[in-house]
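Working notes, structure below.
Chain nomenclature is as follows: A, B, C and D, assigned in order of appearance, with residue numbering initiated at 1 for each chain independently.
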Amino acid sequence: MTLVQAGLLAQVAATCLALAAAAVVGPRHRARFAGAAIVASGIAGAVTGALALAGGRGSVTLPVSLPFDPVVLAPDRLGGFFMIVAGAVGAVAALYGIGYVQGAAASRTSWSAMAIFVLALQLVPAADDAVSFLLLWELMAVSSTVLLLADHARRAAVRSAALWYAVMTHLSFLLLLLGFAVLAAAGGGTGFGSMARVSSVSTAASAAFVLLILGFASKAGIVPLHVWLPRAHPEAPSHVSALMSAAMVKMGVYGALLVSVRLMPGGPVWWGLLLIALGGVSAVYGILQASVATDLKRMLAYSTSENVGLMFLALGTGLLLRSYGIGGPADAAIAACLLLVAGHAAFKTTLFLGAGSILHATGERDLDRLGGLTARMPVTSMAFGIGALGAAALPVTSGFVAEWALLQSLIHGANTQNRLVSVVMPIAVTVVALTAGLALLAFVKAYGIAFLARPRGEGAATAHESGRAMRVAMLTAAASVIALGLAPGPLLTAAGAAAGLPRVGPVGWWGIDLSGIGALLDPLALTTMAAAVLVPVLLVSVRLARRLPRRRVALPWGGGGVRLSPRMQYTATSYAEPLSRVFDDALRPERDVLVTHSAESRYLVERVQFRQYLDDIVETTVYRPGIALMDRIGLAARRLQNGSIHRYLGYSFFALVAILIVVSL
Amino acid sequence: MSANLFDQLIGLSAGVLLLTSVLLVWKRSLVAAARLLAAQGVALASLVAVIGVFDHDRQLVAVAGLVLVLKGLVLPWVLDRSRIRTGAVREETPLMNTTAALLALSLLTMLAYLVSQPLRVLAPGPTTAAVPVGISLVLYGFLLLTTRRHAISQLVGFLLLDNGIAAVAFLTSGGVPFVVELGASLDVLLVVLILRVLTSRMTVKFGGADLDDLTDLRD
Amino acid sequence: MNTRALVLAAVQVIVMAVLSPLLVGLMRQVRARMEGRAGAGVLQPARDLRKLFAKEPLRAEGTSWVMSVGPVVLVASSALVCVLVPLVGTITFPLVPDDLFVMVSVLLLGTVALALVGLDAGSAFGGMGSSRHMTIAALVEPTVLVSVYALSIPVGSSSLSAIVHGRLVHPSSVVAPVSLLALVALFVAVVAETGRMPVDNPSTHLELTMIHEAMVLESSGRDLAWLELGSWLRLGALLGLVGSLLAPWGIASSVTPLSLLIGVLALVAKLVVLGSALAAGEVFLAKLRLFRVPELLAGSFVLAFLAVTASYLVVQA
Amino acid sequence: MSLVALIRMIRSTGRIAEPAPAPPEGLPGRPAALAGSVQVRHVDAGSCNGCEVEIGGAFGPVYDAERYGARLVASPRHADVVLVTGVVTHNMSEPLRRTVEATPEPRLVLAVGDCARGCGVFAGAYGAAGKVGDFVDVDLEVPGCPPEPAVIVDALRRVTGR
């Protein structure tokens, strides 16, 4: 038995343990036991992934019920990379869940679903043939739907979100099924090995590519297939949101990499362009919506759309450059894609766990009613702050390194004789730059409004810090954001091994070296330099602080006024107002201003009410009409069904005759 | 004139053409539009003159003089007179806001570079290298025509379009016969005069020169 | 880490720390003279700074650690930008690219610190300034990246030192139309990023028109001193960068006392010229309405984008 | 106004600021920290706006108080001197106290105009709560109704010492 085999079996065993714990242990200790078993499963997954990434081989065949072939698990290097991500996020989220879950989310069903969800996430990248892949994929979808539904009895929004999620996820499944079917037919087998023999330039390959990419894009939350994301992420329990956003969505990216790098490398030029277009639109649209959103978790969900968009853009750039033989920048772009995957997993876990902690403490997700939490929840504040730095791609976090690599590959990729590339690259640079700028605004807003200044609502004013398990989980996740940002060298080595990129590697003190384009970055050296310039500033500050202590005053300066209420502060809505005005055409916000005049005179105003609604315009312009159309078709179809048993038998009979006719032809 | 100097002069004229047309889209002031068009006319004339001198083509130098007079002086002047008559100072409500128009501009420029690619591969040289600028001008002119509502802005768009066509013609064929240019110029002059009459009639009729008012005439 | 780069970095930070208050003083003086005033003298910002360090800082109820840490982060980020940007010389650390993205990210770290200081104040004005500041910062970023991208194309490297060095070697590239377009775009971006006219009025007293000033309304004593120094350093560094790109002459490419001296003198000359020109230009400008600023930025973006497009033309023709 | 006309005007106008008079002797016991740089926060505690016009003059190009290192600022947090004008009205008494409280030490309070010093013509009026000295400690008074810009500038120079 190889180590990889042992690891795979250990995950399954730990999951069985978790299931048993969830079923047997009473509600008082259930969370602790089941959670611990899932943490173990997650760690096993991450370790197995690391082994596979290091080149370890081994396969496990799990028999399932009769009509199907057994599930074959044999992770390769790329799968190993994603196993590490899924396992690490799973372990942290489960740890967090021990302290977080209450009510319906702490039930037997939820803990069992959680165990299966984490296992499925870890095993999807390990699948070695299409059937196993799809089975595990479906397992992942079903278990996550169950988790999402945890709170369905109390809130109608949960039911609606689950419905959207179930429909979209099955649409994605259908597309994947079709795509793999096309590939299997062309390659003569469902194994990934035989599929890889399909010529990338054939029509079948292109058809399969489009189907599969759309299927994976839907799972990954790429605009315009993202509609489930801003509904499901906010309504799920926060540790599940973290898992969904940081790990499950990545499976979509894994799928895209699987298709374009492992199964069908060297496809036509337009494959790359398709990915760049999908990714670019997704990135800009996602971050625009995130910057104007006021629901904290909805904002994080849209930011996921943005980040996945950047990953697709990076991957597409890699493919495009490869198809023109521009190897160095292409390697850098694909490496950037994997850096983004790991970086996003780290900071988005932190952010969702932080948002969960806020929700736990205040009962609020609405930024407009938060504020002043940094004094009341210092650990959450620190963790969320680090996560926000990462999401805003500021030094020295995992997000910064990834975005740096992406921009480097874009700039160096264009320096060629190729016209198409030199048109696409500047546009891509613009998209990435605009995205980065808006992300900055979005996360300054999220952190500043939620944690700084004074509380805007009752919940925020009476908040308290979360329990130990939650704090440890949040700090672990936050530490990984910094660690990946400070020492990205090993990560880049891993990424290079995962996608087979010879021209990237570590340099210096765990710095990264994109040798294909001659760009290197050592965040640790940058930090040292920052520390060096910080020292004199700090010395002056400390000396002065001894001589001149701070004096406390009662109120912020508000023109000397005595009734400065927290309601006069800027809210998340007002913070994003200039931006929503600038992007009026893209966001189409609806604004209602209701003026109530005083009874005595129309010139005196009693109260003014301002309300702003921001709908997802993709949803209102694409999905709503589609759903309305489906409704109409459904109503028409009802006429076929009148309850008469003879009529139903008649349908069957006609169907039989029709089939016979077709067969006989 | 050395080839190097020729390169630089062509580049400079083309640059001025491009810059003035970007400013034409950027600025909504109609006062500035007339001045920018005049500057553009001068740049176009210098472009023609440079080609003429380099190719030792007297006729082309004469055409340059014609361009200078017509596009650098007469047309902007007519335009400004029409503007004064309508009393308009700014394009108040374009159909597309300035920011969006500017972004569209960058994409149009890319498009111009893309479509002129075959031509530049066919005959590499400084004049063909500047062809995309001419095509950009044509595209910008269309953009103005479709997104501006004021009659004077329409005129500006039309003139920009015409400058673009002229620039492409000079750059690709290395010159247009004097008679042809004369005819084309007179056509343009005629169109401008007709539009001017139309504008003043509109001002009298509707009290403004917003072309959307013309939809009232449909019934 | 090589010593030469360390020496140069130290020289740049120290020189900029001395020069940037003088630069602001000079700009105020130029403006005052054009308005017919006598002016407070070039040294006035330095005096203000010395006084602010000697005053007690206040802390309002409900504000957090951000009010005291934010200013320090801003200064540190600006100082780090002074290290990274080629001002006096073009020698870089081997492992820290003086890459344009690294530079912009470090700059944005300061921007974020300032925006959080504004939000933490908990007054309506602070939030307002912060929101506007971040909106402009978000919209400026494409212009900055694309314009330096345009400048990087002839050199084939995004390192600022390499770009400046390349321009020093090939002076004809300085006056090429492409580089002029890109520089104009970059200059507009710098003006927006540092809160000068016509984007922001640094000498306004009217809270509703403020951007930068509104964020610092709540700070006092050394906090305010750091914020001011940080903003001045950032102005100095960015103007210095434009200066180095516009006129790369005199910049040191080796570390000897003489070349450093020449580099510093050249930097002073560039800052004096650019600062005076900027201040004089501001006299003729009125502040733009906030919602017309995106037009300005879109315009500068188009220039930068045209520069990139045209660069490929030049490279391939 | 066109650019050219503005340039011509700037050139033809030249320097408006009057030559600086001899510096007055410094205010005894003024904080050493404030030498050469004084930021001024102006509080209108209930003035008739006569003093405001004169303050505007003092900081305008002719008297140019800024050349002595004094500058008006938008927040008391930035200020060293709180410059109060007018008789203190009931509604402004608390904001005035808060403004001074919100000014970091070392700070000075300047009462400008007769109303601020001793209620002036508004003494005993409805709405007037008292003179500035009744609510906050005044360090320096500037007499006049309204005081001339030169006098205001003189007082500021006594603080800056320039």
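In this section, contacts are C-beta pairs under 8 Å (C-beta built on N, C-alpha and C of every residue); 3 or more make two chains touch, one makes a residue touch a chain.
Only a predicted model underlies this, so the values are computations on that prediction, with no experimental measurement involved.
Asks: Between A-C and C-D, flag the pair that has more C-beta pairs in contact.
Replies: Contact tally favours A-C.
Asks: Farthest chain from chain A, comparing Cα centres?
Replies: Most distant chain from chain A: D.
Asks: How many angstrom between the C-alpha centroids of chain C and chain A?
Replies: About 35 Å, centre to centre.
Asks: So how far apart, in whole Å, are chain A and chain D when each is placed at the average of its C-alpha atoms?
Replies: Computed value for the inter-centroid distance: 58 Å.
Asks: Provide the C-alpha centroid distance between chain C and chain D, rounded to the nearest whole angstrom.
Replies: That gives a centre separation of 33 Å.
Asks: If I count partner chains per residue in chain B, which residues reach a count of at least 2?
Replies: Answer for chain B, listing residues that touch two or more other chains: 97, 99, 110, 113.
Asks: Which residues of chain A are in contact with two or more other chains?
Replies: Residues 419, 426, 551, 553-555, 557, 582 of chain A each touch two or more of the other chains.
Asks: Would you mind listing the residues of chain D that make contact with two or more other chains?
Replies: Residues 75, 77, 102, 104-105 of chain D each touch two or more of the other chains.
Asks: On the basis of the stated criterion, which chains touch which? Give every pair.
Replies: Every pair of chains meeting the touch criterion: A-B, A-C, A-D, B-C, C-D.
Asks: Given the complex with chain B, which residues does chain C contribute to the contact?
Replies: 177, 181, 294-295, 298-299, 301-303, 305-306, 309, 312-313, 317
Asks: What does chain C use to touch chain A in their complex?
Replies: 1, 9, 13, 53-66, 68, 72, 75-76, 79-80, 83, 93, 95-97, 99, 101-102, 105-106, 108-109, 111-112, 115-116, 119-128, 130-132, 134-135, 137-142, 144-146, 149, 152-153, 156-158, 217-218, 221-222, 226, 290-291, 294, 301, 305, 308-309, 312, 316
Asks: Hey, which residues of chain C end up touching chain D in the complex?
Replies: 32-41, 44, 47-48, 50-51, 54-58, 204-207, 210, 213, 216-221, 224, 283-284
Asks: Considering only the defined contacts, which chain A positions touch chain B in the complex?
Replies: Of all residues in chain A, those touching chain B are 419, 423, 426-427, 582, 585.
Asks: Which bits of chain A are touching chain C when the two form their complex?
Replies: Interface residues on chain A, with respect to chain C: 291, 372, 374-375, 392-395, 400, 403-404, 407-408, 411-412, 414-415, 417, 419, 422, 426, 429-430, 433-434, 436-438, 440-441, 444-445, 447-449, 451-454, 507-509, 511, 518-522, 525-526, 529-530, 533-534, 537-538, 540-541, 544, 548-558, 564, 566, 568-570, 574-579, 581-582.
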